[in-house]
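Next, two complexes with chain A in common: one pairs it with chain B, the other with chain C.
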Partner chain A sequence: MGANGERLLEVRGLKTYFHTQAGVVKAVDGVSFDLDRGEALAVVGESGCGKSVTALSILNLIPDPPGKVEEGEVIFEGRNLLELSDREIRQVRGNHIGMIFQDPMTSLNPVFTIGNQIREPIQIHLGLSRKEAKQRAIELLEMVEIPQAEKRYKMYPHEFSGGMRQRAMIAMALSCEPMMLIADEPSTALDVTIQAQIMELIGRLQREINLAVMLITHDLGVVAGVAEAVLVMYAGKVVEYADIGRVYYNSRHPYAWSLMRSVPRMDEKRERLLTIGGSPPSLINLPPGCSFSPRCPFAEEICSEQEPPLVEAEPGHLSACHFARDFERHGKGVED
Partner chain B sequence: MAMLIEARDIVKHFPVGKGLILSRLGGTVKAVDGVSLQVEEGKTLGLVGESGCGKSTLARLMLRLIKADSGEVIFEDRDILKLPNKDMQAVRRSMQIIFQDPYASLNPRMSVGAIVMEPMVIHGEGDKESRRNRAIELISLVGLQPEHFARYPHEFSGGQRQRIGVARALALNPRLIICDEPVSALDVSIQAQILNLLKELQEDFNLTYIFIAHDLSVVRHISDEVAVMYLGKIVERAEHDLLYSSPKHPYTVALMSAVPLPDPEKERERKRIILEGDVPSPIDPPSGCRFHTRCWKKRDICAEQEPPLEDKAPGHLAACFFPENL
Partner chain C sequence: MRLPDHGGPEDLMPGKEQPDLLGPEIEEFELELEKEQIHGRTALWSDVWYRLRHNKLAIVGIVIIIVLFLVAIFAPLLATHDPLYSPLYDSTVSSAEKAGAVKQTPNSEHWLGTDQLGRDIYSRLVHGSRVSVEVGIVAVLISLLIGLLFGALAGYFGGWGDSVIMRSADIFFAFPTVLGAIVIMTVLGPGLINVFIAIGVLGWATIARIFRSSILSVKENEYVEAARAMGASHARIIWKHIMPNSIQPIIVYATMGVGGAILAEAWLAFLGLGQQLPAPSWGNMLSEYLVYYTTDPWMMFIPGTAIVLSVLAFILLGDGLRDALDPRLKGSV
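== the complex of A and B ==
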């Protein structure tokens, strides 16, 4: 919801479909959002909601076939990334946008040293000599707070713990000084004390080197301390998009609203958690009207007939609900 | 209230490096190293800790699914570790387990009905007809439809599969159920469904739970008492309100401070204790207090002597020389 910053990324009407034998999976179906320089955006949703596919589409990393970006624009610094040649997009990946994934072990090559894997992209992308690149790699390891960076440089991924591997991945993603980092569930596979370390690190980098961050997560807590704007996705679509305070304290979509009330919180004990009935729908066979309507506590007749458009529920607060503008009345009824 | 199950000083060390290449390395993983705890009938004990702290091993030791090196497990007034196998099988009716991964813990080649009836078959309960009726009853009880009886696990979502796991655990009317991270693998919107289901079943059947989790917020919601484990030892144990309102052990304090809150304002104001480094290896745990390598309050004594688990306040056990919140 870029308040006053300089626009870095604009995603417009992105549609990514997978053509499978069972039918067309509309993994991402008309997603739009913006990201400013130095801004942190959280993309929140459950498994299969399309949040990772959105990120992969931005970087042209969708395996084709079966996947295809059907429509939309991804404007990054004035260029549409979806129209770039393979050669040009390779320049963008790494040089301008870095990405880290949930499981660092599958992203690291087990037969090369950590140092080797960080040094190589620096040599290729920045054209530095081997020696200079090594120096730079060690600086990067220090920047992500890996102790004894020079010694660690020579070690293999299996000698690193999960948290250290994720730090090494962040160092690698930042090696060519990108303006933007996409972090896909960066702390989900880690223990909670290590998760706190990694989120702290990402927050610090965002502030210190003015890094724009797109944080993908299913955990509403993890992003609460870092993100400035939140994009809530459900079944391939954006259902709510606003700054974090509005989404967390004044949600205008029943999905985000119920999700906030259904997660157990450490700072309070509730006798019964509010539950969202059913489970997320199949993307091949979406329910008619609003995809969330079969599980929605507020659903009325119109919800299973017409798909609600994404509208401004209040200035700067988008919601795809028929009752977005009249939400309080509906919310109250269910809460009681 | 009567204690249903009590563990006394349980120890389990796993030898490592018996393979050809590692044969000279030797060493033992001190997975569970002298743990004692009790659970009252009808109550829930939450067992919390990071991966590798020994919480799942402890649960399996208490069910005698793996053999303890030493210690006692008193269940229904008998030390079940000393029972002959034949008597043990009768005890197993009363103790069941629900696993973390509902994809791995259900046999894909068995129908839901067969999965739920299997415990009854093993224990020779009823005849075919009564087992079938009981299974259908259980399937409805956990919130599935009777027509799901003939379906197979792959036709179900994660949350529904976990319900099948719950139905199977209930089949023999157990008194104790160990829930080993039953919601960690589930989607956020499904977790609350399973937590509420477990609570309702507990109220209806006076079940006793040992609820294992790495997540302090889930445990808070379901537990009466909470025990925190670190590297094979219990470092703190208390009734849940006491533990959450005034944690005594620095590890518990750090663990609580690391849990993110879905509340941006609180989250930004919070002073977070970020622990340095990782959990040390359980093969060669640190001397003295095992937490001293990561503790911000450590002094010389912490590396030399092991702090005993003792009352720091009424009903509040902690193993620390310099506890917090006194």
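== the complex of A and C ==
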């Protein structure tokens, strides 16, 4: 949402479907958002809402078949990534857009040393010699705060702890000085203290090297410290898109609103956590009207009849709810 | 009641003199420990060699294989006679001498005796080892080349190419190797080069199948996706990220396959399709000597034993490698 910087990435009407035997799974169904240079955007939502598929679609990494990007544009630095050839998109991957994955335990190849693997993208994209690449890899390990980088360079992944591996993954993703980092649940598989360290590291790198970050997570606490804008997804669609403060304190969508209220807080005494009833809908058979309506505490007749458009509830605050504009009043009325 | 003086939390407050906790020394010590672990534990191949060394049968296999290779390499030096020289066709040898020269039992002049044409069996055996070693290596290399290529294409890319490749492999499976080889040899004609081709081509299907299934599981790993996200090409991903993680069953199978190829060559030579007489190979020696099994049975046991021992050696080594490469397979070794 940041209007201050230079536009780096524009995603417009992205639709990624999976053609399965059971039917067409609309994993991503018309998602649009922007990312500026140096901006951090969080994409939140529950498992299976299309967060990761959105990220993979940007880099054209959807396994085809069964997946396919049906429609939409991914404009990165003026080029539509979805129209690039195999060779051209490989130049973008790793070189201009780095990506890190959820489970650092499995995203490193067990048979090569850490150094060898960090060196790989450097040699692929920057064409440095082995020796120069090694020097750079050691610098990168130092940048992600791995102590004794020179010694660690020669070690194998199984000799690293989870947090260290994720740091190594970040070093690998940043090895070619990309302008953008996609972090797909980078801290989910780590314990809480390490989570905080990894998020702090990503935040620091974002500021220091002016990195645009697309942070995918289902942990709202993780988002708070790093992101500037939040994109809330539900059943493959964007339901709310605004600055982090607005989504956290002045949500205009019942799903995001319920999500915020189901986060445990230290400064509030509550007997039970609020939960969102029901389960996410099947992406093959979406309920008519608003996908969230069967679980929505505020649902009215119109919700199961018409699909709400994504509208500007207030300047710079998009929400896909029939009652987005007077959400506060509407919600309060129901709650009381 | 007063508690004994343990030193309260205020002792740990900043500003208070801290005892030296040996920080750097401990770190130094841990470093040493890690270094030891790296060299003692992490290198896959030294690990494999360690486990192999403690497997007696595998060592027997390795020793036989080394001897076999040395014999094949130094055959001209080790042979005591010309393997093709037959006194029967030598006009300078008298008829009486000719009669005494054939089918001699082992003696100091002819270590393993002489055959029905008076040729030195030991020298023929030594020269024949070359054929077996060549067939074993070349045929398996051909199988590997075709099998790995098609296995990788089928496993990595999937789709209709996978179906076409694996159904073709099924067709090859339908033929018993020797029968298939006979068919190919009949088309190509007898001769050693054609033996390489026949055995090699027939072996690809198993290797392709093993490699494909191994790739199918390895390619789902996140590090493969991570490599794709870093912009690595398909060839690079297959070669660098998938191959090293899926090659172990292939190593085992290929080792045993060398034994299989030696046996198949012996079969073909036995049927007169391999190495052509008078040049010796273990298979054609066996087929020649088998004729005399009622009168001089010891003759056929000489090439027979050589074939059995070499095939067994490769199977023992392959078996040992399987255990050594996968420590989980047999509990602790």
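Quick note on the criterion: the second predicted complex is superposed on the first by the 332 of 336 C-alpha atoms of A that agree within 3 Å, B and C clash if a C-alpha of one lies under 4 Å from a C-alpha of the other, contacts with A are read in each partner's own complex, and residues count from 1 in each chain.
Note that in this section contacts are C-beta pairs under 8 Å (C-beta built on N, C-alpha and C of every residue); 3 or more make two chains touch, one makes a residue touch a chain.
Since the model is a prediction, treat every value here as computed from it, not as a measurement.
Of the two partner chains placed around the shared chain by superposition, chain C is the only one that A:111 touches, whereas chain B remains out of contact. Once the two complexes are overlaid on the shared chain, A:192 sits against chain B while remaining clear of chain C.
By the document's definition of touching, of the two partners only chain C reaches A:151; chain B does not. In the overlay built on the shared chain, the residue A:80 is in contact with neither chain B nor chain C. Note on chain A: of its two partners chain C and chain B, the one contacting more of its residues is B.
In the superposition on chain A, A:260 contacts chain B only, with no contact to chain C. In the superposition on chain A, A:279 makes contact with chain B only, while chain C stays out of contact range. Residue contacts after overlaying the shared chain place A:210 against neither chain B nor chain C. By the document's definition of touching, of the two partners only chain C reaches A:125; chain B does not. In the superposition on the C-alpha atoms of chain A, no part of chain A is touched by chain B in one complex and by chain C in the other. On chain C, the positions that touch chain A within their shared complex are 31, 34, 37-38, 42, 44, 159, 221-223, 225-233, 236, 240-241, 244-245. The touching residues of chain B, when paired with chain A in their complex, are 50-51, 157-160, 187-193, 195-196, 199, 214-218, 220-221, 240-241, 244, 254-268, 270, 272, 274-275, 278-279. Contact residues on chain A toward chain B in their complex (touch as defined above): 46-47, 161-164, 191-197, 199-200, 218-222, 224-225, 227, 244-245, 248, 258-260, 262-267, 269-270, 272-277, 279-280, 295. Interface residues of chain A, counted against chain C in their complex, comprise 59, 61, 65, 90-95, 98-103, 106-112, 120-121, 124-125, 148, 151, 154-156, 158-159, 169, 172-173.
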